[in-house]
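Shown below is the structure under consideration.
Each chain gets a letter, A, B, C and D, in the order it is written, and its residues are counted from 1.
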Amino acid sequence: MKAMRIHELGGRLKLGEMPVPKPGPNEVLVKVKATGVGLTVVLMLSTRGLVTQYPRTPGHELAGVVEEVGSEVDGSRKGDRVTTHFYLTCRVCKWCRMGKETECRDFRGYVGMARDGAYAEYLTLPAANLARIPDNVSFVDACVAADAICTPYHACRAEAQVGPGDDVVIVGGAGGVGIHGVQMARLCGGRVIGVDLGAAKLEAMKANGADAVIDGTEGDWSETVRRLTDGKGVEAVIDFVGSRGTFETDMKCLGRMGRLVIIGDRPADVFGEPSDFMINPREILRNMWEIHGSRYVNLAELHDTLKLVSDGRITPVITKTVPLEGVEEAHDLLRKGTLIGRAAIVQT
Amino acid sequence: MKAMRIHELGGRLKLGEMPVPKPGPNEVLVKVKATGVGLTVVLMLSTRGLVTQYPRTPGHELAGVVEEVGSEVDGSRKGDRVTTHFYLTCRVCKWCRMGKETECRDFRGYVGMARDGAYAEYLTLPAANLARIPDNVSFVDACVAADAICTPYHACRAEAQVGPGDDVVIVGGAGGVGIHGVQMARLCGGRVIGVDLGAAKLEAMKANGADAVIDGTEGDWSETVRRLTDGKGVEAVIDFVGSRGTFETDMKCLGRMGRLVIIGDRPADVFGEPSDFMINPREILRNMWEIHGSRYVNLAELHDTLKLVSDGRITPVITKTVPLEGVEEAHDLLRKGTLIGRAAIVQT
Amino acid sequence: MKAMRIHELGGRLKLGEMPVPKPGPNEVLVKVKATGVGLTVVLMLSTRGLVTQYPRTPGHELAGVVEEVGSEVDGSRKGDRVTTHFYLTCRVCKWCRMGKETECRDFRGYVGMARDGAYAEYLTLPAANLARIPDNVSFVDACVAADAICTPYHACRAEAQVGPGDDVVIVGGAGGVGIHGVQMARLCGGRVIGVDLGAAKLEAMKANGADAVIDGTEGDWSETVRRLTDGKGVEAVIDFVGSRGTFETDMKCLGRMGRLVIIGDRPADVFGEPSDFMINPREILRNMWEIHGSRYVNLAELHDTLKLVSDGRITPVITKTVPLEGVEEAHDLLRKGTLIGRAAIVQT
Amino acid sequence: MKAMRIHELGGRLKLGEMPVPKPGPNEVLVKVKATGVGLTVVLMLSTRGLVTQYPRTPGHELAGVVEEVGSEVDGSRKGDRVTTHFYLTCRVCKWCRMGKETECRDFRGYVGMARDGAYAEYLTLPAANLARIPDNVSFVDACVAADAICTPYHACRAEAQVGPGDDVVIVGGAGGVGIHGVQMARLCGGRVIGVDLGAAKLEAMKANGADAVIDGTEGDWSETVRRLTDGKGVEAVIDFVGSRGTFETDMKCLGRMGRLVIIGDRPADVFGEPSDFMINPREILRNMWEIHGSRYVNLAELHDTLKLVSDGRITPVITKTVPLEGVEEAHDLLRKGTLIGRAAIVQT
């Protein structure tokens, strides 16, 4: 089978030929139909310590069809249309068993980093990681649900707890995850202020439901946020960018009892400087602010997200599709920062 | 001034002439501009023990302009456009001070029952009960916010905790409160199944955002709910009707960990039989169901609701307006059950 | 190996000889050291539909040593001291993956009912169900943690949400589960009012931390509860008995915003009449009461419970131990209702 | 009447003679019986902007007897034994009305800073701020409840959400507030690790329920915390000290999903350097940590706290009492950092 593989830290992917893998007793073999391509992959491939051996096939946001099931698998069948939770976890520790599997005590890494992923024609996966795709959801829409949509679902519902009328700032609201963050915060009833860079991205955020948009290239946007909220500030800021500069501005946007939700940070390996930032305990105290880290989802939340797509409440934003061999083209757009929404590899 | 007043339990209102009242030191005098007219008023006027003396001027859902402020009032000024929280509470007990003022330990009754209300040209109110109306919200829209919209806000957000993708049944979804319940559950991201009686009401629920509607005249609708949810049942049922029959059907609609939210019940004084109903503890346990009573809101939630109307997220549904003298005409429609949405008295 | 087995619905157990079972690829073989014996077993053995074939070895509350592990098991090793979660679940559905595995969509029954349990020298178990026993906890204490202690942990913390100063009624507070409910509610900071029948049981509740005790044989105890709380009523009632009579009295004990937590109900198969009871929606609404079903725990909560025993915060109450062959003696005490706390089979 | 008054920023108090004040229509006159003396007062008197005019009588943590009530007061009577919430708030804004009055939009400052406090024989107070003292609680115990005990009640229950078995670090656990934090975290079922400076303070924390204690003079204590928790880290750190150094160490103590609760910070005016500290978003994200600001309580929580003292669940720790004229002696001990627990002025 064909696979696009990485051979060294931060290197470009090359097309290779490999045998189709065999599933273990608790695994399945999946024929890949669609694979999401986002900045996370690009950044992770350049961050030391995530890829456990070279060469490696990336690709963690996928949809496909079960081709073969291991001898001990009883929840999946050949022919199932599936997507996957991409954390490789122990399934028995306290955290795995309370719906907080991203905190697994015996975490074994990510699909596409610690084992081969879906930039290939086939891959094997632990059956425990699968989620069935509703009949009316296409493969390409489903693959995006598995990270770019479910991640803001957890962030908005469980961490920011966005509800009707809440003012919410989405930082990086035109990116592959952020654009669904804009939709999701709106779906929760929030009044969404999207922040991103340049006219095209502002337009995209508006088209996805942002009530107001701010161009981050114009400097400190917290004053605009204050103005848009009559001085009150916002109930939540959800930051999909994660640099020191955005975090510091985020804090200035928060109103009383506001929440800053941290979704990602810019790895120092790639950006050259850490995203650590200074906070003022007196302000946190005075305003009863909260800062929350929001890390992906549990499998139940992935099920919920697929239902949202199936019900038409969230519309996956895939602005570019490429064949397997063309994935570096999408990576290049991501490196340049010109992609709006998500890209995806589509295979037939 | 003119006032429509009740002279005996369940009697019809008569137009009377009274002196304009004087506000106490912690009170304000309000010139009434709009007053909501709903089934609650009709039922309360027929329920023993609520009106504390006759004659009495009803009307608890109101909007108007502050005409005069008492000597100790510092949060309101002449000319303020205001609506009101209609519970008369002590303001100092534990419950009043934790945002649960509807549970006030020293509760003194309702505006329009325990003191004269807004079926009149003027009324006095405790300044502590007022909420300012945003500039872009009309009086008639604001009066409805003060009960018919805020009540489902608390029920959906705090009790049912409706979030994206949750299936929610709204029972009595075409009534004055229920119709805003349909909008509110949808605003929270829910998938709404509205239940009411007859084609016109089903149509109204659809127009207000219901994803599916069921005609309750066709008998037990829990099977339709099961079918619409692939057998799963719903995350929440919010019941705005409150009879034994609806409650018993509600329980059959709940999915795992489902919540029944009780908003009101049909008073035995009026309907001749109690709404008490039988529950099965084994089913509650097996499904980890919850039953919640949801009683109106606190003043902060009323503020939030007014923002929702101001932001255009909720559209008040007022299908009939009458002059002060014509309020019994609206009451008659409510008694007949033919009114969809809310009626309101409008005064200039 | 020896096993005490049931041969017909509600029958007495008989000693039998069986081959030691072989674990499947995802299972382990456990040598049993201690098995809890409680009313739940007795009632379940008399309730139609739970035992899936006869003869069957009961026993779901156990502690032992892993003797052999299946080929696919990587979280357990020979020699591990373990106890078990006793629900047989699918591990892949939404509910299993959000820490609500007792609501498993593809539930396969209970250890000791749907597969052979721990009234035997050995049993096999899914490795996914195991929890390691802390070194300083004995087998007999650990087995009790696996149901009789963890069940009130969930009920008190997650459902009743008992916190410092809350008044809590524990109904059936001298039983095997209830006695740990008394300890647990106290540990959460609650002020505990224990209800049970007869002087010996009242004494036992006091010895386990109850601040006040009431003899349920003296009739309606809600008045005593009101008196003990200066008329206020309690924040929570946790009912470990589950008859119509106790539920109806429970409701009369609740103060504003009080919670009734249903842990179990008396099966009609055994007690001849259903435990269904009538509730008054007007009172639920007026007081913003909640009714919650509380069903066992997830595996994470079992881990937490074992830590509580290890830390000495909860003291397992085992008042009678018997050899395997003597378990019917303990069952007889349970049938008579004279056992306080838990019994256990101890094997060497 | 006599009063100890401050005449300039950070100055020493001097005894003065003043007329007994008259209560306004919504106020009461209180004869002071006991006044808490803690580090907060000392720090606040040295922080620019809090005292609104000189001379000023400090003292916000008080207990006394109502001597006279204003004309509009109906919740208090002459002879009532009372303590007070010490924030001067508007009572009508959204935050005041949702039980978050410390976030009042129109905040008017603190009793003893923005109006005269209880370092005097009498003071007037808004009747809305009063809480009745249970009969069995002494004045001196009640005054301490009004800040030093209620503050950790909110921090432990609402912010850290300490429950059975949670490991909790209390930083500054021998101070006037921290010592009750140790008791409170223990009361919630937590396993408490107390941190403070020197043998006497460690001893005091043990005597108040700490399961383990660490001497902060020996440097970075996070390693000891890791060791005491088998490497896991703690569920919560509650920091009653609030310097950059403690906050940075706090973060290193947190386990997965841990919470840092910020109660206070060291004012730069006094300590010469800000307490701002650097946080690592990657770690926050990876561990799903939360940082919460915890600011005092609402009046309902003060009621709850008084019940805890009345029920004997929390024992006020008053290690020094002084007459009104001797309050600077207690202040000196606080400045030196040698006082354990709380001091109080007692008047007859």
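Throughout what follows, contacts are C-beta pairs under 8 Å (C-beta built on N, C-alpha and C of every residue); 3 or more make two chains touch, one makes a residue touch a chain.
This structure is a prediction, so every number in the text was calculated from the model and none was measured.
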{"item": "Set of chains adjacent to subunit C and to subunit D", "value": "A, B"}
{"item": "Comparison of A-C and A-B (more C-beta pairs in contact)", "value": "A-C"}
{"item": "Intercentroid distance (Cα basis), subunit C paired with subunit A, Å", "value": "40"}
{"item": "Whole-Å gap between the CA centroids of subunit A and subunit D", "value": "42"}
{"item": "Junction residues of subunit C, two or more chains touched", "value": "95, 100, 304"}
{"item": "Of all residues in subunit C, those that touch subunit D in their complex", "value": "153, 156-157, 163-165, 184, 187-189, 191, 304-305, 307-308, 311, 313-314"}
{"item": "In the complex, subunit B residues that touch subunit D", "value": "24-26, 71-72, 75, 90-92, 94-95, 97-101, 106, 127-128, 130, 298-301, 303-304"}
{"item": "Subunit D residues within the subunit A interface of the complex", "value": "95, 100, 102-103, 105, 242, 247, 256-257, 262-265, 267, 274-282, 284-295"}
